[in-house]
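In the two complexes below, chain A is the common chain; its partner is chain B in one and chain C in the other.
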Partner chain A sequence: MSRKTKKSKLTETGNFDPSRRSFLGTMATAAGVTLAPGVVLYGITRSSSAKARALDAAASSEVRWGMLIDLGRCDDGCNDCVSACAKENGLRGFDRPETDAQWIRKVDISDPKTGSSKSLPVMCQHCEEPPCVDVCPTGASFKRADGIVLVDKHTCIGCRYCMIACPYKARSFVHEVLEDQKPHAPRGKGTVESCTLCVHRVDADQQPACVEACSDTGGGAMLFGDLNDPDSEISQRVAKYASQQIRADLGLNPGIRYRNL
Partner chain B sequence: MNLRRACMGMLAVLMASLAVVAHAADEDNSSGVPMPVIPMGLGDSCVKDTDFMRRNHMDMLKHQREETMLKGIRVEQYSLKECISCHAVNGPDSTPVTVASPQHFCRSCHDYAAVSIDCFQCHASRPESGDSSAGHGLSSIFPTTQNVSGSQ
Partner chain C sequence: MKPITYSEIKGNSSQFYALVALLAAFILSALACAYYMEHNGHVVTGMTNQIVWGMPHVFAIFLIVAASGALNVASIGTVFGKAIYKPLGRLSGLLAVALLLGGLVVLVLDLGRPDRLIVAMTHYNFKSIFAWNIFLYVGFMVIVAAYLWVQMERRMNRFTKTAGMVAFLWRLILTTGTGSIFGFLVAREAYDSAIMAPLFVAMSFSFGLAVYILVLLATYHGTGRDIGDVVIGKLGRLLGVFVAAVLYFTAVQHLANLYASEHIAVERFILMDGGIYTLLFWLGQVIIGGLLPLILVFRKTADSAGLKRAVTLASLLVIIGGFAQVYVIVIGGQAFPLSLFPGMEVSSSFHDGTISGYAPSLPEFGLGLGGVAFAGLIVLFGIKLLRFLPVSLAGSAIDPHHQLTAKGQ
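Our next item is the complex of A and B:
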């Protein structure tokens, strides 16, 4: 387990073996637990690194941010998540509903055979395999290490390929010159944008604005958390109850999941 | 008589123009080269010294933008948001001016250097209205860049 042993092994084989590395990691954790509980354990376990990231630390791929939306608690007439999103990110309409920016919207669905209906909030689904990233010709559309899909507006040329590729109709194009944007949500004419999962709030260890509004004044239908952390509430709930992804058949593995759909 | 009157007139015009030149020189600096009026930031010093900032602020902003946007590293010290907050200038209505005003910190120098930037097509050019720590009155504006470099 010493550094010397590791080094000699690497020199011997001359290449990197990921399975060996993970084995060593497991051994280190086990040793930590046995020999010095409370000291080594904090440095290695996943759950501690997933929460309260330092300002100068990069987003980690050990985290996968996701959301579970319980449609049993989502009211037909409630629009609180949509208005909270607009307020938080400074989205203003120009009285042109077809082209106005829309990061989250309420979609009403009904089954013609039974007449049952549901109203679900739909935003960027933060796919594990995002088609918007695949088609972007400049690399502006990208997925952060922690699974949040974003647009780099510095390199976005406004071609709108991603808008066509997105099966969730989640992206908007800014048609107008904008003024007085929010400092934490830069957005401007000629670029594509979508839900950022309130990345500025997530980085500050807060919940997205829609989730907060839903629990404050809505039905408390939205739950945000780390899908990779087995101890998080969202992980435990998705493990316990059946949940669905929209258009799961596309195999994109969205981070947004729905209950009672 | 007419000749004398014409001479007096020309002399008056000459004196007036000399006075204007002298006044302009007083306002700018001793070398006679017009300099931009650059507003002073809050606090004792910037994140680096003024000479360094003049040459490298664009690289620092670009570096920080990659760090923040791609990786989520949000060190406040080098963020554009902090620049805007610290260098906010209050207008006549005592709220921070936007980049639409020639008094705006970034514009004051970029106008002078004829460098057009597109940062503020997307980014906010003034602190959010609730941010009371930002912004300061025009009284703290130093008249020339020489003063700014000496004290910042």
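Our next item is the complex of A and C:
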């Protein structure tokens, strides 16, 4: 596969360039672009290192998936992104806030000196230099070539070092037995998990569930796209307007950026 | 000086078997606790998404840190050539391996997926300090086993110094690795400091020697063997030096943090208004584990019974203080919230910006104590099966200057 064919482009209309991943396309077509092939792809991609390389090539490093969240459009009381994430990924709480998993949460911040306040969604920031990946002893925490940080459920031993290392408190440990999981978002007691940027949807050329919900019923504050593609809307917006990263001082270069923070 | 004679302990008394049974009971209950935690998930422990490492880690880290320190007695004998420490070397090696195994067992059984231990042994991320530690732990056991062998096999005695040197260097690296598990955490304000490595090395010297002294005195008391004031006095004073070193590194750690205004909040939490953590720091770590042992080992004692009492008590206090210190580091460091938005007041349904509570559960204690019991059982079997202990540690038997001193008096 040439470099040219590997290059992916998410157009503004959300259409997928078919030449980018012919294999993906074949798979997706065969399965009727349902959720199932996402699972298959996700599973195969991570399970066999010898073959995974060829499939991993589909997640090209020429892409850097990212998100721009405009806090000017994010309402204090709105929780649509959180609900959509829970629904999409089958996150059901047990009414135990200390141990229930949260992949995305609304954080309220206020400046004690000025009194100004804001509310913003915080999830895995999909860092370019993710500390969770650095500290993971088995390599279960990994970053895909396209910048999505994930946990391989087959090799996570549940040591929780990544949770200690993550500056964003983005990860949750599965504290108890789970049932009725979503096939595209496998979870397991005793392993660590976090926002996958809805990788199953992204691989099927869709937007993450939180972004879609924000656009449909929220304030339209979340924009998802390829930060490496100068023509993408997100690239153009971050180029035009000032945006911030949480704890930019740590030098991790998160893929999630905020406006009006 | 006569050659040192080593022998196994008889280990056929009812007290011996009672002790074995007691330790076995602790181990079995620890296994039951681990099964309970594994079966139900960590929801049955006090651990949460905020305090992700709990009481088992406190036990495991204490044991692992003490393990490398327990080897120091052997190192002083062979690497630094102090003759009086040489007879103490074999027990030192045995205790080091036993404590390490005890700590590792706790660590593994506290994993979310302990059944995947084989994954941890076959998949490595070499950028992870955790992965390095797996090699450091395994290497430590192999090296100390070899070190013990060259000490105990007469034909191999000539390699003792080399093996001792390798073991000494390895143990320094190992504890540097353990300290760096915390030191390398950029986002946690209570950690993220290069001083964690030397602090942990000093802690290992202190905790390891304290455990060593207690095990030595208990076995000699239990088996009715002689142990002279020279040995006890030397070990006691050495413990004092190590305790002072821990206090020194602790002081530097907090002073350096206090100087940077960005760390004032976490320092205020640990040193002033952290509740249990502040109490454990000042009362547990500084007073019980630091100042009192110093007074005990450096004040003059009237007789040998007084000396033995003082050194025993000092060792016990160092261990209590050591647990308090590890608790403050491990739990206190996590209880203080991450600073996602420096300077801002933060709140969320995921406990952002709040001090997290932690109540250790019974299974966590059970698992931790099982690790201690496992280490104890290894030592007990070791000294029963092999010649780890000198028949006598009386001054006349082991002190090359004993005659000289006696004549001079």
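In the analysis below, the second predicted complex is superposed on the first by the 204 of 261 C-alpha atoms of A that agree within 3 Å, B and C clash if a C-alpha of one lies under 4 Å from a C-alpha of the other, contacts with A are read in each partner's own complex, and residues count from 1 in each chain.
Quick note on the criterion: contacts are C-beta pairs under 8 Å (C-beta built on N, C-alpha and C of every residue); 3 or more make two chains touch, one makes a residue touch a chain.
It should be emphasised that the depicted structure is a prediction, and the values quoted were computed from it without experimental measurement.
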Superposed partners chain B and chain C on chain A - clash or fit: fit
Counting residues of chain A touched by each partner, does chain B or chain C come out ahead? C
Of the two partner chains, chain B (first) and chain C (second), which one does A:A145 touch, if any: first, second, both, or neither? first
By the touch definition at the top of the document, which applies to A:K189: first (chain B), second (chain C), both, or neither? both
Considering only the touch criterion stated at the top, classify A:D203 as touching first (chain B), second (chain C), both, or neither. first
If we overlay the two complexes on their shared chain A, which of chain B and chain C does A:A59 touch? Say first, second, both or neither. first
First (chain B), second (chain C), both or neither: which does A:Q181 touch? first
Go through the superposed model and pick first if A:A248 touches only chain B, second if only chain C, both, or neither. neither
Chain C versus chain B - closest C-alpha approach in the superposed model, Å: 11
From the superposed pair, tell me which chain A residues show up as contacts to chain B and also as contacts to chain C. 154, 177, 188-189, 191
Using the touch definition up top, name the residues of chain B that touch chain A in the complex. 65, 67, 69-76, 81, 84, 98, 121-124, 127-128
For the complex, give me every residue of chain A touching chain C. 94, 96-102, 105-113, 122, 131, 133-140, 154-161, 163-169, 171-177, 188-192, 246-247, 250
Taking the touch rule as given, give the residues of chain A at its contact with chain B in the complex, in rising order. 53, 55-59, 142, 144-146, 150, 152-154, 177-184, 186-189, 191, 199-200, 203-204
Inside the complex, what are the residues of chain C that reach chain A? 38, 40-43, 47-50, 52-53, 111-114, 116-117, 119-120, 123-125, 127-131, 134, 181, 184-188, 334, 338-341, 343-352
